[in-house]
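Across the two complexes that follow, chain A remains constant while its partner is chain B and subsequently chain C.
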Partner chain A sequence: MPNATQTKNRRGFLGDSMRVAGALATCSFFGYLAGRKGRNRELLWQIDPDKCMGCGNCATHCVLDISAVKAVQCFPMCGYCDICTGYFDVGYTELDTSAENQLCPTSAIVRTFIESKAGQRFYEYTIDPAKCIGCAKCVKGCALMNGSLYMQVMHDRCLGCNECSIAVACPTEAFCRVPAEAPYLMKRQAIPLVKKFSIR
Partner chain B sequence: MSSCIGATLFAAVVVGTYALYRLDPWANRGNDSPTRSALDLQDQFSIQPQLIHYLQTSEIPIPLDVVRAIAVGLEDRIYVAGDRTVYRFGSDGAGEVVLHTDGEPTCLAIGFNRHVAPGTFYVGVGKAIEVFLPNGEPLAVWHGLSDKTVLTSIAVSENDIYAADAGERVVIRFNPQGEIAGQIGRTDPDREMPGFILPSAYFDVAIGPDGELYAVNPGARRIEEYTSDGMLEGFWGKAGTAVDAFFGCCNPAHMAILPDGRFVTSEKGIPRIKVYNGFGEFECVVAGPSELGVRDSATVDARLEKNTQVFDIAIDSQGRILVLDPNTKRIRIFESRQEK
Partner chain C sequence: MMWFFRYLLPWILAMAPAALTAGELIPTPEFSGHAIPTTEFPEGPADWRPILDTAALVVALSLASYFALVNRSRRNLLLLTVGSLCWFGFWRGGCVCSIGAIQNVSLAAVDPTYAIPVTIILFFLLPLVFTLFFGRTFCAAVCPLGAFQELICVRSIRVPRWLDHCLGLIPYIYLGAAVLLAATGTAFVICRYDPFVAFFRLSGSANMLLFGGCFVLVGLFIGRPYCRYLCPYGAILGLVSSVSKWHVRITPTDCIQCRLCENTCPYGAIQPPTIDQSPADRESGKRRFVALLVLFPLFLVFFAWLGTFLKVPLSRLHPEVRLAEQIREEELGIAEKTTDASDAFRNTDRPVMDLYKSAIARQNHFGRLGGWLGAWVGFVFGCKWIHLSLRRRRTDYRAERSNCVACGRCYRYCPNEQLRLGFIQDISELVPEENGNLKNEDRRSKTKD
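Here is the complex of A and B:
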């Protein structure tokens, strides 16, 4: 007399096989998703420019002799002014490039004439990162007017310390971790302006 | 032998203590770079007392979250635009909401006695001007401005309404029906019109006692006079950090005209309110940073929300200078010391 296992037909066998394969595929899919979510992403130190007050600690607290933090210029926010309060000392005597009239202690801002329009002269201000020590004097000066200059960690110099000594010293907790795919941050105010210029 | 061990231990303790206090393995004490990054504004913040000819005599708190503009209407009533309303203050300081706008107002003007529609409110909201009757009922909305429009100021003459558009960098002249009657200040070398330079969205207009139009050209640090058909009549103003000049890239931010034709200017960056005579010669200071409650430490904070905001100004028929303080949300009223 045949037993129960011998009564299983081919259709039943194929159905069981499909169910087992489906369960295995589902487990594999969710296992893949879980593994992907748990994978470590590379994170880098960066300064949130909307939280940075320009205290100057970036210049003095980086483990590097010359800080990895530099000033950057957001051109869509810049007024290209002839009298830039981020470039000229507030007590300037002449609008020239002499050291006593410059705010930057290392002359790291390059002032380039662009055009003359409506009787006014317009200039472009760019940062020479090799000279910038990250003191944020220009950032504070620019904040008196348009606020287009701000501080960022330069990842070609940053050592990526596990505990960033500037982050420890930062009075406004402006230091944060950002994904390596998007290592630089913009001011909130600049984002729509940059989009507008990009569309053009 | 034991003394040798003791000396070694003592030396080890000394070296260990020195290392503990002197060395900085986690760089908590920094990299020994000089800390000379302070922005010294002391000279600009301290104004000689003999230059200050005005005195704050009273102040009125404003029950709004955001305050944008101040204006004086009929019977010297003070109006403040902010949030989505226009608020009115009586002589006793009591306030009430006069009208509600469709969006956040950015500028405000009220028809004066000789205006074609006395008491009418003209409120800049987004890319339109909302017009209200003296009792606050909506009358009209003037559209027809461009997509780039940023309304920053409105001024009314006897027959016209002038709106400063910082986006298009022109002053737009409306007739009382809300039709655009002309544009003033667009760059035109043939008419020797240099155009307005606006590095930031501060662009003020005002009407002089004889109906002439004055507009601030902040990027040029000067005030310009125009005819109603847009001809440049003249200008004055100079750039500099001295008290008689306009500071920084773009100033003054606001302007008002006294009943006798003298100018009152309000600057941003280093907040100071000053009076110039009708020829543009510096006369005196109304209020410097300390009179406006701003300390120099506030200006060395680069955060946008910590920046000192700009003080709008208005003038009543008695020549009192009304300063809208957005930091404390108060109206500060200044009067001449001589008249006091």
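Here is the complex of A and C:
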């Protein structure tokens, strides 16, 4: 009959081997998971602008006081319209930059005169990200015309929550995870236009 | 409104059919002296951040294990706790988190299209491996949620044993539900109901703050309420910790059964020595154990059957099922108004029947999964009962392996520890001889397990 220390040693050895086997098994399972589809870099939240409907939840549902989502201008897609439906409120009285004529509640859109051609005046509309609160009013307005204004998660502000609170509230499931190498998306329609202008 | 009819309406009307048919846009004009600018985007998070986080985790885990098991210093553990709270809590905003990683891992195990970052795998794995060897040192001083509760626990009340056992089952049930919902891509409930993340970020919705506030209030008087009664990762770590190689010991040498440590644990994790059973008790205990083993499968089946009733409530958590219900109500004229989601759905050309079919398939799937969840709950209940009816003999005061979070509060209460540190020369300075070794009968009258 084995004495007490021998039993103890055997038990200890068995326990240790079980522990090592358990650790190896879990490690290899997770190694498999990582190898199958793992990424070295983080995944970041982004809005698919083709799905976004400009509901305005981005402004109110972000865990940050001022949302990490802001509107951006895709210049090669913009028509440089004089009467911009993203800039002017429907009830505007004059085509000027006074607050009551603007759609944007924080006047984050800068309207700059560019050129006058064939009797038409062209203006450039640039978003000031410091002022934008992500309410998507301009995006909804611009959708009446070219739809060059769209919403994007700004990665200098986004906290990268594991479950994005805006994604939960998003009515069109426009939020997706994108690789950190290419953290911004654009509309499908904009891709050829951007290429065209970048070549020029 | 005049402008609208004069300028805009004809324009829209002229453009709209074109836009609908060919997706044509008003062309960007060719300017003579102005280049079309490119949109500037702020840069994403830096490359080195995940590496730094993983390194910080490894260092913190190693230090915590060293402080708890070798160094045996509550002060060092507390300093590390503050450090972890600052790093993983306030600096990283509570988001890269081992508790939340459960969901990412379950989603990655089921959904091959979900690319899981290696950092998250490591955050899930490393504390498990450390726990397998050193006990729950992750909970002691690394986890920011644990750290937060550790620091606010000012006056702890002893939770009655029966209540502690009952509430202690919630983490397992929560774990099952969280894994189920994450694996189906429905919701990340652990993140959604993280009570302290709003404090880490110093901002959050009213619900989050209210939920967190309740936990803080309870946490002042009951030690670590989240860790003990809700944390699903704590449930996994507790199981792993019960088979760990090394573990926190109250005494550095031998237990002299002085009972000085008995009430020092705010988390109710110190177990007194067992009292020898009378032969009659032992017989009835055996009978109860056999009965439970027989009842166990029935238990599973019963709870699985109960779980199938979760079909509807569970499936409603999925946005597609909610959308289908809303559309159905609108079609039947019950819904008072449309939602953003239903409006957006009607703008797509997806047929309604397709949505219904998909939603019904999902609901049936959730019915099956609800059964599995029910079976899991039954399994947890059954295991708990069997575990409670098993009796192991203990002769010392010991930290219960699965519940002890290695906070190190009990060390200094042990006279042997005082002796080791050189604070006293002889144990009798602290423990008068007549109290020192209590007779078995005395203990029987004083402690109730």
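Everything below uses one rule, namely that the second predicted complex is superposed on the first by the 159 of 200 C-alpha atoms of A that agree within 3 Å, B and C clash if a C-alpha of one lies under 4 Å from a C-alpha of the other, contacts with A are read in each partner's own complex, and residues count from 1 in each chain.
Criterion: a residue touches a chain if its C-beta (ideal position, glycine included) is under 8 Å from a C-beta of that chain, and two chains touch if they have at least 3 such contacts.
Note that this is a predicted model, so its numbers are computed, not measured.
Peer 1: Looking at the overlay, what does A:Leu43 touch: chain B (first), chain C (second), both, or neither?
Peer 2: A:Leu43 contacts chain C only, not chain B.
Peer 1: On the A-aligned overlay, A:Ala25 touches which partner chain: chain B = first, chain C = second, or both, or neither?
Peer 2: A:Ala25 contacts neither chain B nor chain C.
Peer 1: For A:Gly79, decide between first (touching chain B), second (touching chain C), both and neither.
Peer 2: both
Peer 1: Please indicate which partner A:Leu14 is in contact with in the superposed arrangement: first for chain B, second for chain C, both, or neither.
Peer 2: A:Leu14 sits against neither chain B nor chain C.
Peer 1: Which of the two partners, first being chain B and second being chain C, lies in contact with A:Gly119: first, second, both, or neither?
Peer 2: In the superposed model, A:Gly119 contacts chain B only, not chain C.
Peer 1: Figure out whether A:Ile133 sits in contact with chain B (first) or chain C (second), or with both, or with neither.
Peer 2: A:Ile133 sits against chain B, while chain C stays out of touch.
Peer 1: In the overlaid three-chain picture, which partner chain does A:Ile191 touch, first (chain B) or second (chain C), both, or neither?
Peer 2: Neither chain B nor chain C is touched by A:Ile191.
Peer 1: Mind working out whether A:Ala99 is in touch with chain B, chain C, both or neither, as first, second, both or neither?
Peer 2: neither
Peer 1: Comparing chain C with chain B, which touches more residues belonging to chain A?
Peer 2: Result: the larger residue contact count on chain A belongs to C.
Peer 1: Counting contacts the way the document defines them, which residues of chain A are shared by the two interfaces, the one with chain B and the one with chain C?
Peer 2: 53, 55, 57, 61, 63-65, 79-81, 83, 85, 90-92, 117, 144-147, 163, 165, 168, 172, 189
Peer 1: Can you name the residues of chain C that touch chain A in the complex?
Peer 2: Going by the criterion above, the answer is residues 1, 3-4, 7-8, 12, 15, 23, 25-29, 31-34, 36-39, 41-45, 47, 49-50, 93, 95, 97, 100, 103-105, 108-109, 112-119, 121, 124-125, 128-129, 132-133, 187-188, 191-192, 197-198, 201, 203-205, 208, 243-245, 319, 339-341, 343-344, 347.
Peer 1: Which of the residues in chain A end up touching chain C in this complex?
Peer 2: On the chain A side, the touching residues are 15-16, 18-19, 22-23, 26-27, 30, 33-34, 36-44, 53, 55, 57, 61, 63-65, 72-81, 83, 85, 90-92, 114-115, 117, 122, 124, 126, 129, 144-147, 152, 154-157, 159-163, 165, 168, 171-173, 177, 179-180, 183-184, 189, 193-194, 197-198.
Peer 1: Residues of chain A touching chain B in their complex?
Peer 2: 50-57, 59-67, 79-85, 90-92, 103, 105, 117-120, 133, 135-137, 139-147, 150, 163, 165, 168-169, 172, 187, 189
Peer 1: List the residues on chain B that touch chain A in their complex, please.
Peer 2: On the chain B side, the touching residues are 26-28, 30-41, 43-44, 187, 194-197, 199-200, 219-220, 239, 241, 248-250, 268-270, 299-304, 306-307.
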